[in-house]
Amino acid sequence: MSSVAASTAVNGFTQEDRTLDLYEYEAKKIFSEGGITVPPSHRITKPEELAKVHFGFPVTLKVQVLSGGRGKAGGIQFANNLKEGKEKAAELLKMVIKGSKTESLLVEPKLNIHRELYLAVTLDRERGCPIFIASAEGGIEIESSDKVITMPIPNPYHPYVGRELARQLGFKGNLLVKVADVATKLYKIFESKDLDLAEINPLLVTEGEEVLALDGKITVNDDSIGRQRYFDGWQERHLLDVSERERRCKMIGLNLVELDGNIGILCNGAGLTMATMDMVKKFGGEPGNFLDVGGGSDTEKTLEALEIVNSNPDCDVMLLNILGGITACDEVAKALVSFIKKYPERTLVVRLRGNNQELAEKILAESGLKLIPDIETAVKAAVEAANKVSKKPVGAKA
Amino acid sequence: MILIDKNTKVIVQGATGKMGSSHMKRMIAYGTKIVAGVTPGKGGTEVHGLPVFDSVREAVETTGATTSVIFVPPYLALDAGLEALDAGVELLVLITEGMPPQDTAKLVAAVKAKGARLVGPNCPGVITPGQCLIGILPGQIFSPGKVGMISRSGTLTYEIALALTDAGLGQSTCVGIGGDPIKGMGYQELLQMFNDDKDTDVIVLVGEIGGTAEEAAAEFIKKNVKKPVVGFIAGQTAPPGKRMGHAGAIISGGKGTADSKLAAFKANGMHVALTPAEVAKLAGDLLKTPAKA
Amino acid sequence: MSSVAASTAVNGFTQEDRTLDLYEYEAKKIFSEGGITVPPSHRITKPEELAKVHFGFPVTLKVQVLSGGRGKAGGIQFANNLKEGKEKAAELLKMVIKGSKTESLLVEPKLNIHRELYLAVTLDRERGCPIFIASAEGGIEIESSDKVITMPIPNPYHPYVGRELARQLGFKGNLLVKVADVATKLYKIFESKDLDLAEINPLLVTEGEEVLALDGKITVNDDSIGRQRYFDGWQERHLLDVSERERRCKMIGLNLVELDGNIGILCNGAGLTMATMDMVKKFGGEPGNFLDVGGGSDTEKTLEALEIVNSNPDCDVMLLNILGGITACDEVAKALVSFIKKYPERTLVVRLRGNNQELAEKILAESGLKLIPDIETAVKAAVEAANKVSKKPVGAKA
Amino acid sequence: MILIDKNTKVIVQGATGKMGSSHMKRMIAYGTKIVAGVTPGKGGTEVHGLPVFDSVREAVETTGATTSVIFVPPYLALDAGLEALDAGVELLVLITEGMPPQDTAKLVAAVKAKGARLVGPNCPGVITPGQCLIGILPGQIFSPGKVGMISRSGTLTYEIALALTDAGLGQSTCVGIGGDPIKGMGYQELLQMFNDDKDTDVIVLVGEIGGTAEEAAAEFIKKNVKKPVVGFIAGQTAPPGKRMGHAGAIISGGKGTADSKLAAFKANGMHVALTPAEVAKLAGDLLKTPAKA
């Protein structure tokens, strides 16, 4: 298995991929509950709290943010005494990394690093099963390491798999057993908590052959979170770095991505939404957002989605492109009728086809909204209207 | 055609749920040989004039069905899929969205061990136009013909089918493989089937940004597929690092971009379309061209 | 699958088979913790406590004993009021069934029985896997039912297996789902608690289609109990009906069965012990006990075993028959030397062969103990000595 | 001979434990081709001059071993067995006593799925006298010859082997299948192997009270075994309802009695011995008799 394939597998599930990424301190709490040793630590939200830390200096101060690249951005600092620590903590607590605000600092004793490893469990989309990804070099970007090992994990799991991994990493004897034990515990955490990613980077080996998780990342699978009582309420708590509109969408199950243009796009299905966005660009327009209402949306949800697109102040034209498979066109039509009554001046280009199309046409005909059956015509109409920056409806009530 | 035809006997798992029931009705109306529904706890009742059984085994034993379309809630999908496998079902079409991927991985392993086939989860289903529709695809958009289609997207599949149909190009079979990162049948397995299918002359492959399945498919095509393949990728203008709806639809760390995929298509002898209308145009032109040696 | 095979499977693991059988009230607590509905109940150890019962009369009073056949022995009584209840409770608390003393009474409301089932999970030695055993007739001796279904349980378990069982029992619809749910929960209990048997008999179906466990039996696997923290200390608590000598053996891992004769038998291995016992009978002797010291016993354990056989007042002759595979003969020899020093007058017939035999011979030769190498000769010598009821050592110090 | 011979390469799992180490030494002394030990955490060390590996895979890759004898503690036995299977070991001899039967059931299922063989758990092992001893049997008691033996008991196996050897009757192979109710190879599979083995002329089957395996074996013998079989049952005088050491050695509800087993032996053409000495006598007589047609 080449490292290219390995890093591809990692890339399939990096932290940006799913919404519930955990902070380092949360990941370490879960590691610890699962029996993996972590360094002693203390979380602070004010520089003064550094005085309460129960272990001595020197310490490491680490910003708790959800974005990557923390180290490179200067988010990890050492302090030899309380004074230096407070000064550095004050600076660190103000940091924003890649748009992500510092939530708190994690303070740990500064440890002597004898050896570092990389160890992760994730799902491999190519092999269709969980895999271990590991490297005898840790603390680095795994994508750039050429010593990466991947190993498919059988179901049910048995501890010998972890031992085989440790062996392939080059361990022997006592240390092999210890590293294997961490691997086994990491997998158990991954499985029992429905994670997409459980990563320890670096996994530290001390001179005394202690093995501990120095930093870690956990990504919880979005689809599974409903059966993981452990994470009840965590999703809202972690939506700190998104716009209010994005948060609102997240909570009602819409997928919104804010973009820079003035054409508000609303489609059903991620692929169709992307293709519509691509066509808007191709025909000279600028998408103002990506909004996928998903499959089977009813009147209420569609109306919510329309309101969200409408609430973008930069939006000049709204382009609705629905091809009904699960989604019933008549439900969408009802939402459109309500929306246009509330916002009669909105420029709204509507393309609607598929399931219950005849019913929808009937409903819309009564309200005077015009339907464009063809996607290219609809996109072109929206682009034309947007480029005029006219507030007069183009597709509707023309 | 591949996977399904007019003789395919189908049961509906989750037949008494809102979605299962409404799509069961539409499949029956389309002409699909739906033979029974299955909902544990509803055995002995009827849906759309067909019997509902408590178990797949009972449904299969009574009707001789070989295929199941699954509409159960996401946390019950693994159990439903395994039940179908255990009862001897050969083709599972799993429509359910939101199935935990670790459950999917377990189901995929069981399907492989049993030598059965799984389409999905989180997919629109499979259609052999004019013969059999399994899933939630809007049947009226499709028409019988010589184009085989494989797509990772749902509604985009319909959009392209519509473009084909509007251009007078019917389809042999269209398979929506679903947008989840862990899934049953993938591009390569289906490309092979379309390549071997006498009713298919041109293949359309609809991809999305994210992952490297399209790149791998392009290489597979160069090596194994004799028929012309038109490729389309959604997300050509997607910003990096943002999740575009599907778990898989994301560009990250320079991998999985539309450019990388389109380049792989070109490098491996595929025909590249940038809009649904272009897909139809290219497919139409290729249907007139004789097949590769 | 015929009912004969089914009852064979049951027989392989009846309650006598393992030592940690639970009382009904304990089994019901575990059922309840596992999500299976049980009737409300109250356990009493004195008739007066009946006044505290939190549900009304009529009630059922059930003796809590570890032996079977409780119902036939009159250990289940009904009472219509407190006075009747106290009188019956007083009688029931004195009951001894098949040598098993009543530990307490379980009081439950008298329930209207609409329908009864039998449902159990156990291991099938023939198929080598866990199985469901179930019958649409409950409350009966499962061996005598001709409506028994058995079903192998796949690993890992999935709930559809329980539904298939319920279907085969003839259920449909709502009740199928409820019975299947109990089956699934019963299997989860069986697996997670390392049981040999998890049995509900009868599983009650009320007119309102409630499904509840009216009586139950749980047998915990002896070998697995060390990894089941839940049962810590339970074994000692349940050794009420065995002799002090049997309890002592149990605690140190020796297998003792008390018999009526005067030849105390001590062997290594159950098969050899049984064969030795058979030969003692065949040659006209009467075994006083069966004691298997197990494999790999060292000096200390062998000495303990010798002391236990010696402590039987009916024992006239001790017959030690060790064929060392795991067991090192020299370890046994050392124990014999110690023993004979302490009890020089004991009639002890020693047959010792196998692993480290030469060392053992050397050790014994020094102490003057004579070895008989052949089993038949040794058994005959023991029988002869016992029939003389002579206290003079036969095999030793002759 | 069956299962093992002088060329069988064997690794010892749990080689650095007290029991594993001492029996490894004895197996080497007997002449068994022990090639390595395995103990996770002890890789790189040596036991009795042989290398110890951390994993079975490494041991197998280095030595070409096909057989493993397992001495690990009972709660680690499932993992050790699965590790061996996964590393391609074809024959597992599981000596460990006290393995949870639900673990054994899982191992047995995995062994079947893999097409491998398991003897045990809680067994004395296998010996082909003069060639290969795997397990904890006392080698000096056995001698090479024409009698094949299958036994559920440990020390009783030795007793009967001793009686045979003392009577001048050597053994082709002796297999102690172990006393646990859930186990790997059983009577029938081994009877078939001895029946097909050119080096075996008479088969000795040693049983115990409890269960119905002996009764089933007797029926199997009548149908499938051409060679004469001597049967012995321990526990002829055991009182009902008492557990005689082994989980299986119990008479309960009138099932599994010595009488029932001995009757089945007689009814199916087997030869019944009541003491170890009688086993030897009968086997000796039968060796002089020509085989059944």
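Note that the chains are named A, B, C and D in the order they appear, and that numbering of residues resets to 1 at the start of each chain.
Simple rule for what comes next: contacts are C-beta pairs under 8 Å (C-beta built on N, C-alpha and C of every residue); 3 or more make two chains touch, one makes a residue touch a chain.
Nothing here was measured: the structure is a model prediction, and the numbers come from that model.
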item	value
Identified repeat of the C-D interface (over half of residue pairs identical), from B-C, A-B or A-D	A-B
Identity of the chain that, by mean CA position, is farthest from chain D	A
Inter-centroid spacing, chain D versus chain A (mean Cα positions, whole Å)	56
Separation of chain A from chain B, taking each centre as the mean of its C-alpha atoms, in whole Å	26
Chain D: positions in contact with at least two other chains	none
Of all residues in chain A, the ones touching two or more other chains	155
Touching residues on chain C, where the partner in the complex is chain D	7-8, 11-14, 16-19, 123, 125-126, 128-130, 143, 155, 191, 194, 196, 221-224, 226-227, 255, 257, 259, 267-275, 277-279, 281-282, 287, 290, 292, 294-296, 323-326, 353-355, 375-376
Residue ranges of chain B in contact with chain A within the complex	19, 23, 26, 74-75, 97-102, 104-106, 108-109, 124, 136-138, 141, 151-159, 162, 179, 181-183, 206, 208-213, 216, 234-239, 241-250, 252-253, 255-256, 274-277
Contacting residues of chain C [partner chain B, same complex]	154, 158-160, 163-164, 166-167, 171-174, 176-177, 180
Residues of chain D that touch chain A when the two form their complex	40-45, 54-58, 78-80, 82-83, 86
